[in-house]
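I have a structure here, written as structure tokens, and I will follow up with some questions on it.
For clarity, chains are labelled A, B, C and D in written order, and residue numbers in each chain start from 1.
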């Protein structure tokens, strides 16, 4: 099972902080998982498209769109960071 | 009377911290005053020539060699600064 | 050393702890980020810092290790808070300790620039206009890029 | 604000005093210079700072005013000690306070670079090789020149 986490406005708009699911058929990369989630419901679609850039981390590390996912990865979706 | 001050190794080598004197004849600039002092005695000559660059201030302000002196100025001679 | 905590910190005590009793240290630079009572032209009443536990510590350690690989530091510290804060409260502290001042200055600026663009923190600002997520600044990306 | 004094200072208390109760401050940078137990490859036992009373205050005020003309600072402080100090003791403190971090960092680095080449202080180092006046460094002139 892939563990998925959402932060900041992605958490607010999806309404959830984290969930687990088996990688859907045809989803191999972080970007493909994001596209799949964004197509999942109107709420998710809005989370992905209404506000701005969505960044990704896999297993606590910033990654590019095309990184391949393993079956037990932790994948996080979030806006550009604004700490400091 | 011009007040003259010496700092760091210029003070050590001349053996004095400050003195007052009337501007000698023919001395119009800070550089000329330094040259006059350096020719005054073997100790002063050594202070000016043995160690390194001599910098000048007039009335508490860094100045170039060719600044003209007034009759009541305070003139200081010192090595490049090393604070901080 | 890195720390992620909800509690405020005492910058003076942190600096003192890093240098106390040492005679090989020549330069100590500290940076403190403080909550300002203004955001996007609105009066800010509170700021809530959300973060990604686990990834936050990993990123801060990675950024600190990068600074120590680039500059000869004798000690370094990053403290970053999360949770709800009000104007005037400290958010982040960076301290760098070196024999020489340029290394300490450059490393502190680098740590802040990278932290701003890499560490997984997000700010929710409460203002008279409501609560809104603070947007990332292009100027922060530009500041981080100069260290590439 | 500038101060020239023989006594040690408490960097944490100085920083706190500059920012206490303010909600318009976003960034505070501090630099502390500390006596190192080494000079020219020799073990240093003490350092004596001579200065030029009157000119020192004037130069520090001029340098601070220059920084405040160049960067939007909300507060600034230079404290410089004179007299005899031993390794581990603080010599100089610079603090800059601004709404934004880059201004605070740049102004603090500028203050130190200019102070190093302009303020009339001279260091006499006591080492196992005897007492000797510390020579000015070309690297300090180069550091100051980048702000011209």
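Worth a mention:
Keep this in mind: contacts are C-beta pairs under 8 Å (C-beta built on N, C-alpha and C of every residue); 3 or more make two chains touch, one makes a residue touch a chain.
Everything numeric in this text was worked out from a predicted model, so none of it was measured.
Path length between chain A and chain D in the touching-chain graph (shortest route): 2. Centre-to-centre separation between chain C and chain D, using Cα means, comes to 23 Å. Between the CA-based centres of chain A and chain C the separation comes to 26 Å, rounded to the whole angstrom.
Averaging Cα coordinates per chain places chain B and chain C 49 Å apart.
Contacts with at least two other chains are made by no residue of chain B. Across the assembly, chain D contributes residues 33, 112 that each touch 2 or more other chains.
By the contact rule set out at the top, the touching chain pairs are A-C, B-D, C-D. In the complex of the two chains, the chain D residues touching chain B come out as 33, 49-52, 54-55, 58-59, 80, 91-92, 112, 115-124, 133-137, 140. Taken in their complex, chain D has these residues touching chain C: 10-13, 15-16, 19, 21-38, 87-88, 99, 101-102, 104-105, 108-109, 112, 143. Chain A contributes residues 5, 7-9, 11-12, 51-52, 57, 60-62, 76, 78-84 to its touches with chain C in the complex.
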